[in-house]
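In the two assemblies presented below, subunit A is common to both, partnered first by subunit B and then by subunit C.
The block that comes next holds the complex of A and B.
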């Protein structure tokens, strides 16, 4: 499979008259770990649901492993792992029974991996799922998703409810296993440090639009924060070439995020007096883009 | 602005259990009062009996919810949890015992003696502890193969009440044993020529069976995004349309079959009465209407392309079941209601069902309010 395992083009979705996604496009490279970041209510979960064919977009198309998301075949489903935000399914069963039950649907099910993880995380197979803590339940969901040896793994804010240590453990496991098997991963989060820890690419949703898609390694070279003082701000033209966001500060100045193509020059005001050129960290960049 | 006590109660129970409690409470008490105030002797007995059963069910769910809250409070070391629990218990008992007895005394002046049985409702708090002795999880014994029936897979996802069990499992033996114990009083009452008592027995069984299935379905629907998504992405369930059809079959068939069986036994008992032909016809018409309405909802859902948007209609259909079941199992005697009052009863049930659904939706909105413990932080 040479193409993108998960992509969408021109997605538009409206709920009760409110636009939730506006012309959103995304394409995941095979083997990439893609972090989808955005504030609460930005549309991350809706986008994931549309990408997986769980929701129908008003317009646009979503494709999973070269098949329309709304008509995914069983062959594709067997190569797809999914971890929801709050995995509560089959909560009435025991851990071992649930994993056996789900494993029967996947020919590539990795039972030794399941047993190893349960042992490593000290989760007894005989425990009822409903009695597990949220962190343990999230770990079980991750084991379940990774044990199918997925080619594509989608996680919807997998670590949102976890404490920092549990979150780090979970993400480490995700990065390790996905890296070993070359799995393409898409995970949504609003915690920037999670992105820095595992993601190879980052996408940012803001105000229902995709405002940033970039490889993590290139961010510093391709994105800049221009701090424009108040005098210079008055003289600036409307929109700069490559401008992604513009925020007026309390002192009357402007904070502008600009992007350039690799090797290209920065937009004109970057070197002028009254304009401070900064190379923003990921957190600053996301805050500027979404504030 | 909502005062602290109901918010504390809501936080103590959690949205899912609180939604169920609200449905039991509004539907049980409201229907009982409305039916009881019609001043039909048979209906007054039904109304009070129904409320007593409803109050027990409410208390049982409350006990489960409170147990869950206490466990979380212990893990999180929540401050002031004892006082919150005390206030929640006090509010609960006021709602379940004191207010209903007062309302029954005001609105149903005659034949409401059975309402004092509500005083036994707090015993429902012991139910979860008692259930631990008889509960047995269905063991899968190798699991369901991926080439198995989609409906069977979906039933596993809906919950314990719907899960298929193998003949060799402990759960199956327990069910058979329960059936045997259940059928003894029924056979005894019929053999002693007391069809009315048998119909009471069937009516109470139908309510409990419906609550059992509804509880599992409500749990499944409460976490609907995650549950449906995981189910929809499971291989082997086919095209979204066939998957949706299988989900309806799985969700509707077991409770409908169980309750229809009970209704059929009740109808057979009813047919012993010489003047029951009209009421049997009415039952038939109501059942036909519900089946057609249900078929319409299901058919409309089958034309959708996405995989997860079907819950509300399914839920409404499920909630409409007791509208048929409860009046159909109405014990008939020489005091049985007239055609007119009988139809009014059905409409009242339907109306109260609507109120319960609105209450459910409102409660879900309330559940999104900040936790009372976090106020002022």
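The block that comes next holds the complex of A and C.
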């Protein structure tokens, strides 16, 4: 204990000869709410499945609560909450029966919490699971994952099926329930504003590589966007110190994302004529890094 | 004060903890929040805006360090008495030090005359009054 509840190192994975993950490493601090972003097809779901031992990597290691992901003990599995992108349902069961059934397997099962959530979200326990809307199904999956009082909670695109109000509810639940009980959370999303609200850390997967891992609060203070006009772009030497990405704009200028240590100075061209210096919002930053 | 009185803009260039710090600083400086007034709990702010409670704690903690807020038993965070706030000018100035040092270094790198930098700083200070 005390180590990282979820980590992987040097993960490689191919499907049918195509590289899906290329040397990906990640380590979650205990109690962190880790947001994983990336465009569709970047490899987010594959990474999550490898982290949880649901899929075998070609090489590299994944460790869950100090056990190899592929050989997790039942005791660890009972402290792991997982909400897949499309929660599987025992469609023929009623909501209440399913939750009771599942709860029997978990020693820490929090029945009052389950009842409180169902009431708050107006889902009657007597309804058949097959009659729930996609959003309701997502909520049931979340209730189920949180009710086991997990030490580690992993959610794959939890907000995808939800409308904005329901999404806000889900984020609130994550922030309060997980954030306060010290549960470590990993969730993937492509909705950057969600990430920014609840995440303590952000990781960005692009072209099957990890291009960014940073604490959320420092991110905006340690990253800047330099807009270099076309004249200046000609004179620019090779890679700038701290340069993360460089994109040639249609007007011949350059958009460059640079990173610095907090408190350190920005690289030299930041103060020169022909270079505009911007603090990008998270969304702009992610777009620059992934386009 | 109610949690919904804070405005949180995830898209902005400022991190969320800083948005909270700046708003509370302004409200306290302009006496819209007076000494002794309670702040909403971390949980209520986090719940209202669906944000990470640690972000709210961090903002409150920074303001506590600045002497603007203090923890009171049973009441949670309250706006500190203004005498205490005055006493801590030096400590607050200390917190500006890293930023100021940074500016000095950059001014040197850009080869700017001291006079120009100081004048510019005065203009900016005046504008934010």
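As a convention for this text, the second predicted complex is superposed on the first by the 291 of 291 C-alpha atoms of A that agree within 3 Å, B and C clash if a C-alpha of one lies under 4 Å from a C-alpha of the other, contacts with A are read in each partner's own complex, and residues count from 1 in each chain.
Keep this in mind: a contact is a pair of C-beta atoms (placed from the backbone, for glycine too) under 8 Å apart; a residue touches a chain by one contact, two chains touch by 3 or more.
This is a predicted model, so every value here is computed, not measured.
Undergrad: On the A-aligned overlay, A:52 touches which partner chain: subunit B = first, subunit C = second, or both, or neither?
TA: It touches subunit B, and subunit C stays clear.
Undergrad: What is the contact status of A:180 with respect to subunit B (first) and subunit C (second): first, second, both, or neither?
TA: A:180: touches subunit C, not subunit B.
Undergrad: Of the two partner chains, subunit B (first) and subunit C (second), which one does A:114 touch, if any: first, second, both, or neither?
TA: A:114 contacts neither subunit B nor subunit C.
Undergrad: Applying the touch criterion given at the start, work out whether A:220 contacts subunit B, subunit C, both or neither, answering first, second, both or neither.
TA: The second partner, subunit C, only.
Undergrad: Scan A:87 for contacts with subunit B and subunit C and give back first, second, both or neither.
TA: Only subunit B is touched by A:87; subunit C is not.
Undergrad: Let me test your reading of the model: by the given contact rule, A:78 touches which partner, first (subunit B), second (subunit C), both or neither?
TA: first
Undergrad: Where does A:105 make contact in the superposed view: on subunit B (first), on subunit C (second), on both, or on neither?
TA: A:105: touches subunit B, not subunit C.
Undergrad: Could you tell me if A:204 is touching subunit B, subunit C, both of them or neither one (first, second, both, neither)?
TA: Once the two structures are laid over each other on A, A:204 reaches no partner at all.
Undergrad: Quick one: classify A:193 as touching subunit B (first), subunit C (second), both or neither.
TA: second
Undergrad: Which subunit A residues lie in the overlap of the subunit B contact set and the subunit C contact set?
TA: No residue of subunit A touches both subunit B and subunit C.
Undergrad: What does subunit A use to touch subunit B in their complex?
TA: So the residues of subunit A in touch with subunit B come to 45, 49, 52-56, 70-71, 74-75, 77-78, 80, 82, 84-94, 97, 100-106, 128, 133.
Undergrad: Quick check: in the complex, which residue numbers of subunit B touch subunit A?
TA: 75, 137, 139-140, 142-146, 156-157, 159-160, 163, 219, 223, 225-236, 238-240, 304-309
Undergrad: Give every residue of subunit A touching subunit C within the complex, in rising order.
TA: The touching residues are 33, 168-169, 171-172, 175-176, 179-180, 192-193, 196-200, 216-221, 263, 265-266, 268, 271, 278-283.
Undergrad: Which residues of subunit C touch subunit A in their complex?
TA: Contacts found on subunit C: 8, 10-17, 43, 46-47, 49-55, 58, 98, 102, 105-106, 109-110.
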